[in-house]
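Step one of this worksheet: look at the structure below.
Chain naming follows the written order as A, B, C and D, and within any one chain the residues start at number 1.
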């Protein structure tokens, strides 16, 4: 049975509402989302960055890339903001050192702290995809599976689509 | 892009709390669970049965089998109670007419109407698995993917495991 | 500022879903319900009974009555199953030793663990009523305030009404 | 039995998360919050303003004041942002035409759309207070009841306190 490494980078999925009325990046939502899932899978969750993905630079992506490279296992799920998820996927695809890791990026259009959110659905999708997909970098969003470099976000509709 | 057929049969995922203080099978939870998932996927949801899976007979399974056979598409997700999900998967595997359908059974250990439930995670897992797996009958539960005939439910822990 | 004593007796408000698919009385829901309420109020929560209120006997009510009598403060909220809440209110009204306590019974028509429940609304109502009402035994349910002995539950509609 | 008029003015209680990642004032949350409360009470909900309360001007407060004056009934609940709720309460207290209305302002420190929010608790508190309090303008927040002019918000802790 695979061990799954989860790396958290912030983004909408991890946003919480502060006392001053602002949205902030909280602790990784993955632990809370996985709490009701009784499973023999093992996993660990590591916060690597805590950014709105619009603020993510290539220097941040180098940090993320190094974090993936340093993982001992082959199954990697990355939670990420949606706005630049395609850019980060392409960056990882170009720069990851190992050829045998399956890396799946996912996130959410609404914070997991909202009563109605796509976060749990997307995480279930990502955990399944990372077990079934071959090595490479993938995005799992909007109920679909995309390869790095072949995906874009339609910001007006909030839907991930094939790269036009 | 695949069209996904969802067949609902009842089970814990669809349980609601009645005014008289009993748990009852409500309308299929899938529609509510998919509401926050913005997607270009198309799908339809058909209630076929509305049973606690402990009450499901082989006559019920014949009805379900015929419902799957009658579907025009190849991608089928079935929501089902957990207690006899392995039995139903084995039955479908033995009796389905077509050889080219990918059928994924899923459900939940806690009703989707609970504030904390595995239902959304499991549905995201099932929707992904049905797109990635080859033809055949599969169970997606407990964060894992199982083939019909090779899976059991550990009732004490509420975890799906490899058939011992 | 008043200190509020909360006594939990079980009932629907505290029901949780077990792995075996049954509803059971869990730990008092009040702590979880109060978590998002930032307040200078002080309160304590004591589990006294853990019963479906249909199973509550007068011996149980004596235990509850003694627990109320033993409280040092005057502001008491009791969470209770709905089916016999009017009976317990009348019993307390007849048997409480002190004349200066304000006792408010409340509960919920749906478990607080459901995504949609009246539990938080009812608890806010009870905490307010216990501060505003004179000494005596009261029920706060269905958005209204009733005196012990003048209230009944319309079981078909799930609504508390004036005693006919 | 009293009829309760609810006037919505926006504020945190009504905030929703937009596709572009911003918090916006949505439709009044009161209807959704009251959905699980089975009751013989009657009420109506009118959106009067849709503002972050930091943006509320005295011109807006005149509009709100006129809306209260125009109500036929005596029981009025106003949902309002927390930051200037004390100012609006004082304004209404000084300017309302009728002497026989009980007006209760409430709101929430976290949006009612969050999985964990004080919104339902506060609304239950407000609905109870408006039935029990004498005529005048009141604030019900942080589990307590305050009179207009005698209340302040401690912004650092997110708690309403007695006016120092």
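Here is the rule we use: contacts are C-beta pairs under 8 Å (C-beta built on N, C-alpha and C of every residue); 3 or more make two chains touch, one makes a residue touch a chain.
The chain list, named the UniProt way, goes like this: A, B, C, D = Asparaginase domain-containing protein.
Remember, it's a predicted structure, so these values are computed and weren't measured experimentally.
Student: Could you find the chain whose CA centre sits the greatest distance from that of subunit C?
Tutor: Computed centres place A farthest from subunit C.
Student: Could you tell me which pair, C-D or B-C, is linked by more C-beta pairs in contact?
Tutor: Most C-beta pairs in contact, of the two: C-D.
Student: Using mean C-alpha positions as chain centres, tell me how far subunit B is from subunit C in Å, no decimals.
Tutor: 38
Student: Can you give the whole-Å distance between the Cα centres of subunit C and subunit D?
Tutor: 26
Student: Residues touching two or more other chains, restricted to subunit B: which are they?
Tutor: 109-110, 115-116, 157-158
Student: Applying the document's contact rule, which stretches of subunit C touch subunit B when the two form their complex?
Tutor: 12, 17, 19-21, 23, 52, 83, 109-111, 113-116, 155-158
Student: For the complex, give me every residue of subunit B touching subunit A.
Tutor: 1, 33-41, 109-110, 116-118, 120-129, 131-133, 140, 142-145, 157-159, 161
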